[in-house]
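Have a look at the structure below before the remarks.
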Amino acid sequence: MTLLCTSVDDAVSGIADGSTVLVGGFGTTGMPFELIYALIRQGARDLTVVSNNAGNGDTGLAALLAAGRVRKIMCSFPRQTDSWVFDELYRGGKIELEVVPQGNLAERMRAAGAGIGGFYTRTGAGTLLAEGKETREIDGRTYVLESPIAADVALISAHTADTLGNLVYRKTARNFNPVMATAATTTVVQVRHVVEPGELDPEAVVTPGIYVDRIVRVPS
Amino acid sequence: MTLLCTSVDDAVSGIADGSTVLVGGFGTTGMPFELIYALIRQGARDLTVVSNNAGNGDTGLAALLAAGRVRKIMCSFPRQTDSWVFDELYRGGKIELEVVPQGNLAERMRAAGAGIGGFYTRTGAGTLLAEGKETREIDGRTYVLESPIAADVALISAHTADTLGNLVYRKTARNFNPVMATAATTTVVQVRHVVEPGELDPEAVVTPGIYVDRIVRVPS
Amino acid sequence: MSAVSPSVVEHTGRGPLGRDEMAQVLARDIPRGAYVNLGIGQPTTVGDHLSPESGVIFHTENGMLGMGPAATGDAIDPDLINAGKFPVTELPGAAYFHHADSFAMMRGGHLDLCVLGAYQVSASGDLANWHTGEPDAIPAVGGAMDLAVGAKQVFVLMSLFTRKGEPKLVSACTYPLTALRCVNRIYTDVAVFEITGGDQVLVRETWGISFDELRTRLDVPLAAATP
Amino acid sequence: MSAVSPSVVEHTGRGPLGRDEMAQVLARDIPRGAYVNLGIGQPTTVGDHLSPESGVIFHTENGMLGMGPAATGDAIDPDLINAGKFPVTELPGAAYFHHADSFAMMRGGHLDLCVLGAYQVSASGDLANWHTGEPDAIPAVGGAMDLAVGAKQVFVLMSLFTRKGEPKLVSACTYPLTALRCVNRIYTDVAVFEITGGDQVLVRETWGISFDELRTRLDVPLAAATP
């Protein structure tokens, strides 16, 4: 059952210290800013965060890093022109980094959501990022065994939800949000609009409500 | 590049004897009947067919089986009240059957389309359908290694295509069609309507045109 | 700790439940708002005993959440069927998806509950429901193995005895298995069982048979459930 | 067999190509109607040299096919960006999808071509473009490894020599690898190369340098390509 929350603070309640938290978005597009600020207020620490980037500027995920709440980050592209918060923490040895090829990041979360125990991919074979990982020759090519990334919580953003939790997104703000919704025990979504069941086109729903635990509307 | 064909016979041209052919549909819903009849006229034989069922009544896939063109069928649910064509061929030793759990059928085709060399699933562990397959304990549970199902051709149906090959489906006629579109070297689609690029909602496209090689409109 | 003692509710004054009553008893135990998949055949009838007010949302593995009741008359749409290939309807808030997404949902542990028929269930929860094992049988598994391993809870709906009087709740299945240790509860015409993973199968309720008589007819260690 | 002999087109009368000219030379070789992913940085500029009439359809790994040119002014939409996180536009016939679907498309071999920058490429087509290997560098791979193994063809766009004059087409990469044996062609400021998987790298065209001089400056066996 999907719960419609009246505040972002309600929406992030109960997130425990030490949780693994998926944070949607690609750069700042599709990032659930208001949920991240609520998580900062909520106070959970020692978090492992999975997100494509390691924060931009001083906002959103960067603010969570700056608040000292993140022990480890798993991402594909930490280094950016505006990733100074992460850069300083990393160079100071204050945050652990696991660089994951972007496709593996997405597929490993999909695996967690889909009950796949592990999968073989060519991505990374023969590179530093496959060091120590099991490999297998399949049809003459080398594949690397990758494991699911399951999380305690996903914080994502969408464009519109119905009250059953069905979600649609807008343009490239979709990005990691739908796959993250499938991979977490508790999925929390900030949306710009909430409508009644029947108002979304059933053919166009991207995330069915079964994946959504809490919704909160934020001003757009 | 997607080719708009003027006849179903053009659409199935060049399918070679011995091909592996994915056939969309769940029962008769979403089944590409006209493409199957064109394939019968085209004459390719010794086919391996992958489809959820093994034909219903005397139409569609059942007609292809009755024409003696299919050497082997991979499906999840061959036995139905109206599967008499298959039943007789099978009992007469005239067709090979590989029963695949429905989720493995879908996931193995997805793997082929997604570049996954193999994956571990709990489905089938400890059963006849996993006999002889590699298994692995992951977090205390037994998983079975399953391999991709890649095909030469997919024959599928959709509701509407634009001329770039973007597809939308209708209700549960969607079923296996989108995943089959990703798993074949050549994907052939019969549609009820063809529209210009820009007429489909980009947020609601289910199969992007990159997966579609040939489109043909059939009367609805 | 609860002070409630284990006990079996025995409805001995009446005969075994009819097929419709069995479905009704099971439906009563489906939590409000649950996401549920009903297997083909008798399990499908459980839906007839759940009102819209239950908030239960039905999944059908051929690609839909928010499936409504069977379609009749003009509402029949050949593009809208359930897993048993019968015409159904769409409720407000429905969503369609393709087969790979549908089975990812099932296998990823997102469905709260599935209801399946069975040839046999073992005391440890092994399920046999896809293949008689007879040499001339044509095997057909459909989505049963995926549901059995994937749903958070698996409820079986079946008669407790075959027409020949052989029990279908057994110490070990003799039919080919669907999945190991997956069944949580068994709803039958004469009793409701809980499988706990321990040595004993728990009995919650009986109809037309006493708990003691049930014990004599099954080769499985039974105990009373805590209500 | 074709009767055309191997030969190198030498544009010795002029200097090396500028960055824009390099992109133009590469763009000329993209087949009509191809599905193409342009890597971030210089590869993105290749799009400026392809007209809508080319039928080329651009993929961006953050979830879109049918990406149009950069957005400016009122057309800028924060929800519509490319892989380099710059605002872009949508063309008629576009489609959006999520990251797992986008990378399934890339890794499953559906893109006809990707264009990537590089630190080094080896004679056998090994690519190094994600990590300098310096101890204080923060590694960031993005989608480079997925594109390199997944696209049907990989074109590299880079200057042939570093600022210090060291060749970037090498017998074996010294930088950390992105993927093994994945590059098909290299478009540089002074020459275009084809990697065939054989012992020799083929040269198609040179600018401001002769084929003979190129041979002396690279520690890689070169041969003339068949035009």
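By written order: A, B, C and D. Residues from 1 in each chain.
One rule holds for everything that comes next: contacts are C-beta pairs under 8 Å (C-beta built on N, C-alpha and C of every residue); 3 or more make two chains touch, one makes a residue touch a chain.
Just so it is clear, the structure is predicted and the values come from calculations on it, not from any experiment.
Engineer: Across the interfaces B-D and A-D, which one involves more C-beta pairs in contact?
Structural biologist: Spelling it out, more C-beta pairs touch across A-D than across the other pair.
Engineer: Using Cα averages as centroids, what's the distance between chain C and chain D in whole Å?
Structural biologist: Inter-chain centre distance comes to 56 Å.
Engineer: Quick one: chain A and chain B, Cα centre-to-centre, how many Å?
Structural biologist: Those two chain centres are 33 Å apart.
Engineer: How many angstrom between the C-alpha centroids of chain D and chain B?
Structural biologist: Chain centroid spacing, chain B to chain D, equals 35 Å.
Engineer: Can you check how far apart chain A and chain D are, centre to centre, with Cα atoms defining each centre and the answer in Å?
Structural biologist: Distance between chain centres: 30 Å.
Engineer: Which residue numbers or ranges of chain D touch two or more of the other chains?
Structural biologist: 90, 96-97, 103-104, 106-107, 149-150
Engineer: Any chance you could list the residues of chain A touching two or more other chains?
Structural biologist: Those would be 107, 110, 114-116, 121-122, 169-171, 202-203, 206.
Engineer: Chain pairs that touch, all of them, please.
Structural biologist: Between chains, contact exists in these pairs: A-B, A-C, A-D, B-C, B-D.
Engineer: Which residues, counting only chain A, touch chain C once they are in their complex?
Structural biologist: Answer in residue numbers: 1, 110, 112-116, 162-164, 166, 182, 196-198, 200, 202-203, 205, 208-211.
Engineer: Hey, which residues of chain C end up touching chain A in the complex?
Structural biologist: Spelled out, the residues of chain C in touch with chain A are 32-35, 55, 57, 59, 65-66, 90-97, 103-111, 149-150.
Engineer: Which residues of chain A touch chain B once you look at their complex with the stated criterion?
Structural biologist: Touching chain B: residues 107, 111, 114-122, 136, 138-139, 141, 143, 168-171, 201-204, 206 of chain A.
Engineer: Using the touch definition from the top, list the residues of chain D that touch chain A in their complex.
Structural biologist: Touch residues, chain D against chain A: 60-64, 77-81, 85, 90, 96-100, 102-104, 106-107, 131, 136, 138-146, 149-150, 176-180.
Engineer: Looking at the complex, which residues from chain B come into contact with chain C?
Structural biologist: 26-30, 52, 76-80, 87, 90-91, 97, 99-107, 109-110, 121-129, 142, 169-179, 206
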